[in-house]
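Pasting the structures in now, so scroll down.
Below, subunit A partners subunit B and then partners subunit C, in two separate complexes.
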Partner chain A sequence: MSHDEISFHLPPPATAIPAPPPQPAPTMVPLTIDGRAIEVAAGSTLIDACKTLDITIPTLCYLETLTPVNACRVCVVEVEGARVLAPACSRQVEAGMVVQSRSARVDLSRKVVLELLGSSVDLSTAPGLSEMMAEYGARPERFQEVIGSASAVSSVAKPIKIDNDLYVRDYGKCVLCYKCVEACGTDAQHTFAIAVAGRGFNAHISTELDVPLPDSACVYCGNCIAVCPTGALMATPEFELRKAGEWRPETQAVTDTICPYCDVGCTLTVHVQDQQIVKVTSPFDNDVTRGNLCVKGRFGFEYVNK
Partner chain B sequence: MPRASPVWRRYLAWGGGTSSYQEIEETDCILLWGSNARETHPIFFHHLLAGLKRGAKLYAIDPRRTATAQWAEVWAGLDVGTDIALSNTMAREIIASGLANREFIDHATTGFEAYRDLVEPWTLERGAAETGVPAAVIREMAHTFATARRAIICWTLGITEHHTAVDNVMSLINLALLTGHVGRWGSGLNPLRGQNNVQGGGDMGALPDRLPGFQHVENDAVRAKFDAFYGVTVPPKKGWHLSDMFNAMDRGELRALYVIGENPVQSEADQHRATRLLEGLELLVVQDIFLTETARRADVVFPAAAGAFESAGTFTNSERRVQRVRKTLDPPGEAREDLAIICDLARRLGHDWTPDAEVIWNEVRQLSPVHAGMSYARLDQHSGLQWPCYDDQHPGELFLHGRLWERPVRGPRAPFSLVKHELPLDQLNAEFPLRLTTGRRLAEYNTGVQTGSYASPTRRGAVVAPVHVDQGLRPGLTFMTFHFPDDVATNMLTSDATDPLVSTAEFKATAVRIERA
Partner chain C sequence: MQDAISWIRHGALNYICTRLSVPPAEAWGVVTFYHLLATGPRPAAVVHVCDDIACRLNGADQLCRDLESRLGHAVHRSPYLGQCDQGSAALVTKAGPDADRFVLAPTSADDVAGALSVRTVPTVPKVPRVGASASGARIVRRMTVVDATSLASYRQHGGYAALAKAIAIGPAAVIAEVSAARLLGRGGAAFPTGRKWEAVAREPAQPHFVVCNADESEPGTFKDRVLMEQDPFAVIEAMTICGIATGSACGFIYIRGEYPESEAAIGEAITQARAAGLLGPRVAGSHHAFEIEIRRGGGAYICGEETALFSSIEGKRGEPRSKPPYSAQHGLFGQPTVVNNVETLVNVLDILTEGGAQWAKTGTAGSTGTRMFCLSGHVARPGLYEIECGQTLRHAIELAGGVPGGRALQAVLLGGAAGTFVGPDALEMPLSFEGARAANATLGSGVIMVFDETADLMDTLARIAQFFRDESCGQCVPCRVGTVRQEELLRRRDPGSGTGDPGTVLLNELGQAMRDASICGLGQTAASAIESAFANISSLKGARP
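Let's look at the complex of A and B:
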């Protein structure tokens, strides 16, 4: 049998290691945050700039992988000379900006925003929210006292939607941050199964014509669940365990592995409680997935649960 | 089991996609050929969508108007099995319009003149008549692809599940060589692998002619290295492909089979024959996480742990990225990791192997130059590394074949292949007038885990299944999935006509008729 040279011997290594085309060095912008002078690349947001100084800005509707929508207003900071507070998630740095990440005005604004949210929405399953409330001294019950309502969240309480086997929608917990809409739409999945419908108090996340999920365009990728900051969207196993009082995240082993289905190679972060997989997520900083998965990767694990 | 053809390595030496996912976001033209990536590779498609947002043009070349085609500039709905006719027509149009990259052709390729002569008769009119794709569409694809600053061709099993699997892939490589769309950032050739770790299996030498790292088993120097390392003599001849094995069973030459993680009774084309041959074996050993239809026929069944969740190791993905797989659960009952089972078996045969994934991986690194730099520590640190990765300092390569652009060319030049159009072997006639093609749906996967009933006979068998009218199918075309073999055994129908080089079965092209059941 004869062999052509090219299949019989491995080709020599390339002389230079392949690389993307060089990018022009970014223009650096000088600014001051909390009295500290820094330079960051033009186009960065204030939240990016704060990160370089290890300043943590509280957020609800912000996520690195999504386009900022300025919905929640928890991230506001004070920019010297500006009439109003600026949302750090979207406001881009400008040369000479002087920024206060914490000031009396910033803290009061964050506190009231959290109180308004907490008085109208059930935030009991929002990770990190109670710590955030404590940090800013937020007391949502103040508004409850004002309106005299028995329950802080009764004003917009809604029945839980359970219309499919894979996830549950409890819009009584929805803060209308738009993250799910963006993840379903142009920031990731491009399925466009959901959008914000209605105005004012009636604004809510809805499928087209408010049809049940199985009749909608939904493909059950669950990328909306991954970005939901309050647990309004929750995969069924977690929902059932919480209902039974058996959801114990502190006992869960969390391990990264690679999805067993197609060969795209998505990292699955597997949450295991009592030798059962109870949740699958993916890291937002992973280059392959950017936190997104498909229906198989996110929900296709029942075959290994006993 | 449907499998991507790994043989295109014959012509570019490496058996792997040339580009990174990041590049599909930064390319200008994408030919998605025989691939419904929107449903079959959803997260890859996210990267592709980012490319479209940046302004890339997507052409979906597929007999079906799929969810993928809805995102395309144009859907080129070709007749099943006319891929080479289409690519040769595109090539002829590119050459005739003076859009071939003569500089790259002269510098880095061989055999251009013969290729030019081969495609010369494929005028737009002839190509349109043979493929069913309008001449204007073929022209637009050819011109956009050839003149794009960067362009990527991706394909899936629509290219490889034909008896002309290898030639189909070669014809796509020809287009890339003709236009210089390979070996550069944002330009390349990428098979989207159908199953997790198909790439890794090839990496590790689960191919009849390769040792780990794509090293040819008939190359004396390569074998000498393995012989010395293991103190044994590696057989100097390449082995059999899966379909070769079935033929060998038919001839009585292959009498014992050890099947790991595959369900050929339901996944092989022409299921009647596959089942008969497997049942005729003297010994059938099956190692699987399920008691599959194949396992039910086995003499010995080894219950195995589930790869991604109950065992440790690595998978290689479609961008050649080797990533670590970690154990998250204990396997149920008596099920054990594949590695433990194989090492126990080896011990019974007199070999003392260590059933530890990292120890074995380090063995691979010693023998396979392209994996040498991928220690577990580095794989952790970098969220995986793309081969080739030659040493502990090497970052891995984003794209392959940059050597073709070096001056002078480093290593051998890349040859054009002379591939001719041939229709599927299962030809249509008055008795079987419709074409059946198969595929996967978003929420289902292979043979694991919809008004009115109709029977669909072919030359090999018949099944009864509900039908519905799909506007995405062109006249004369029918489609079935193979996901629920217990309900509808689609592979009772399919043809086991195979490619002579890689023996990929022609799952994509079966002649059928449809009758009311």
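Let's look at the complex of A and C:
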């Protein structure tokens, strides 16, 4: 009997994964903010630069994960030598810039912008806005006081849209920050179900031909809800609880977990109030999701509650 | 589609989206942006009647009311139609097999009603009044004699000599001549044209584009319309030269939708020039290629702003982009783009034939050449007057026959809705960029609108505020909401008491914030005419806010 020699080969020694080519050190750009000299990487925005100095700039339409649209203008800062103020969220640093994050002009613009919003939009569910208003001394009532009658002060109030089971659209609370459009479009979802329609004061977020959501291209990923800064877009459970006066964020337990549905393994942040899941989000700084989820992860929690 | 059935049918829009692979929600956003596009059923023939500032002085409000009662929903009130020299204006659009678009100016309720019912239109050709000061006639010289429909006639009057010279001396030398002429942009921003061309020519990224801004939507301006209608070949030739100088093979001319006659004239000129080999792969037998395409505006003042204009040509909503990046690096389709006003471009022809340094001898040191001023309102002979830079405002008004009927002058609006009001004390102001700046005014796009003592300036100011409210693109908060509040403050019933009054304080703070924090020039200038009126016009001093 002869045995064929059983040969056993060791796997070849691992070849080293080639290291990525060394990144050229970013060119550093010197500038001055509020009298303090700093250097930041070229291509940074003024808001990045302010962050390194622990200067907070108020923002509404800005989010790290989205392309800046610089539409709300609450983030304006004064750049020496420029005719007008610059939006810190999108203006890139230039060598030798001299920037003031709080000058009289900056404060006036921020105050008036907040007053314009406050007098035309329902900001009651916008987190952090009343603090911002107080900080800049914004008094939206001024317009009504001067113009006289409340009816002569136009607002964007309109009926709430409840046309599906998963989320509610109350565009009377919309500040037209474009975030939801970006989240639905090229910045996350690539569904393009919503866009800005109309013009001027009549500009608004709309589906194609203004059809109800179920007839549109919407896939209910809810990524627009996650980015909306004012609560104009709100998941139905939160909407119902708020209506009943039972929405109590301070009592909610917030836990991170992994979505059970598919192999992507998105990180879910589960908000629990009275033993019930009331909302699901995902951290914006998470590498997998960047804050985005799909319909199952975001809304598929009914079975847990039962 | 609008031409076929007068409004955009939803199924058809969906079909277009499928064919072009455009998300329907975005297409809807675009369609609802433009005034001249309708998204609901409406009559086949529709008339847009101007009720803007100059027409109001001639009773446009009454005309609109008459028409509305006679014709109902076929009548739309419109912002300014670029016929301010004619006194009243209406744009008629007809859809269906005999689709047509034409302008009636001057017009009356009977004319409009007749034009809507009759199949073909009895348009009396309007004769724009064109004039020049003794030292000024330059662009006007050919405009008044040339046959606008004939390339041969254009050549007879010296046309295409500048292009021949440009080809002979080459791009770098063309830019050097334009720089030597110190030509400043005539579109409002007064940017040095030579510098702009050079910046684009230098950009390594290809392709480059030339865009001619013929959106002319600043209330009170009509110079570009008259130029395009009376001397269209000059515009085409100048664009071709710009293309050669900046290394661009493709040009767009963006003509506002309210100018069907200009569009026809330019279209005809392009066809003839192409047939004669003056456009195409080998311009006039040289190795330069250049083509021009016409884009029609959809009824939006904001599309005159250059970045909004790019968005519009790209088929998007006409929303301005924030600068930087600048157009010379990142313009149309993200490519290096030179954008110039019609009048700016036409000036280049004389610069080349005369030589830049020679050309620069006209005008003043800071403002070379001549300017086309659009005189309208309370003057005896409203019209387009070419005046050498540096002549006085008084001279311009006298050229147009002065204030009629021996009435006293109350105010002059310079530069249109985005411009400034000055009082009779400013008549000696030289019409040059530096002269205007010294007087804290602006020449803008060359509007000189005259108001005599009978004019109701508060009504005018409210209409200007309404104009900005209607024309804001809606992107940024200071302008979207600010222009609304500005109109509301001006129209409020209970007048304030002047300085220190909360209304005055509020209006001033609002103006400051719009100027400082808006994205584009529209929001930044939306308060300027109103603020200047309260500051400079004696009849308004002490009036409400």
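Please note the rule applied: the second predicted complex is superposed on the first by the 277 of 306 C-alpha atoms of A that agree within 3 Å, B and C clash if a C-alpha of one lies under 4 Å from a C-alpha of the other, contacts with A are read in each partner's own complex, and residues count from 1 in each chain.
Everything that follows uses one rule, which is that contacts are C-beta pairs under 8 Å (C-beta built on N, C-alpha and C of every residue); 3 or more make two chains touch, one makes a residue touch a chain.
Values in this document were obtained by computation on a predicted structure and should not be read as measured data.
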After the superposition on A, what does A:K306 contact: first (subunit B), second (subunit C), both or neither?
first
Once chain A of both complexes is superposed, is A:L117 in touch with subunit B (first), subunit C (second), both, or neither?
second
First, second, both or neither for A:I258, with subunit B first and subunit C second:
first
Under the stated touch criterion, which partner chain does A:L268 make contact with: subunit B (first), subunit C (second), both, or neither?
first
Between subunit B (first) and subunit C (second), which does A:V76 come into contact with in this model arrangement: first, second, both, or neither?
second
Of the two partner chains, subunit B (first) and subunit C (second), which one does A:A197 touch, if any: first, second, both, or neither?
second
Between subunit B and subunit C, whom does A:P18 touch in the aligned arrangement: first, second, both, or neither?
first
Where on subunit A do the contacts from subunit B and from subunit C line up?
none
Which bits of subunit C are touching subunit A when the two form their complex?
10, 13-14, 23-29, 32-34, 300, 317, 322, 324, 469-478, 480-485, 488-489, 491-494, 496, 502-503, 506, 509-510, 512-513, 515-519, 524
In their complex, what parts of subunit A are in touch with subunit C?
69-74, 76, 84-85, 87, 90, 92, 105, 108-109, 111-113, 116-117, 119-120, 142-143, 145-148, 152-154, 175-176, 185, 192-203, 206-210, 216-217
Quick check: in the complex, which residue numbers of subunit A touch subunit B?
1, 3-21, 186, 188-190, 219-221, 253, 255-268, 270, 272, 275, 277, 286-290, 292-297, 300-301, 303-304, 306
Write out the stretch or stretches of subunit B touching subunit A in their complex.
9-14, 21-22, 26, 40-44, 46, 49, 53, 185, 192-199, 213-216, 218-219, 289-290, 306-310, 315-319, 321, 323-330, 332, 369-370, 383-384, 388, 390, 394-395, 397-403, 406, 410-412, 414-415, 442-443, 445, 448-449
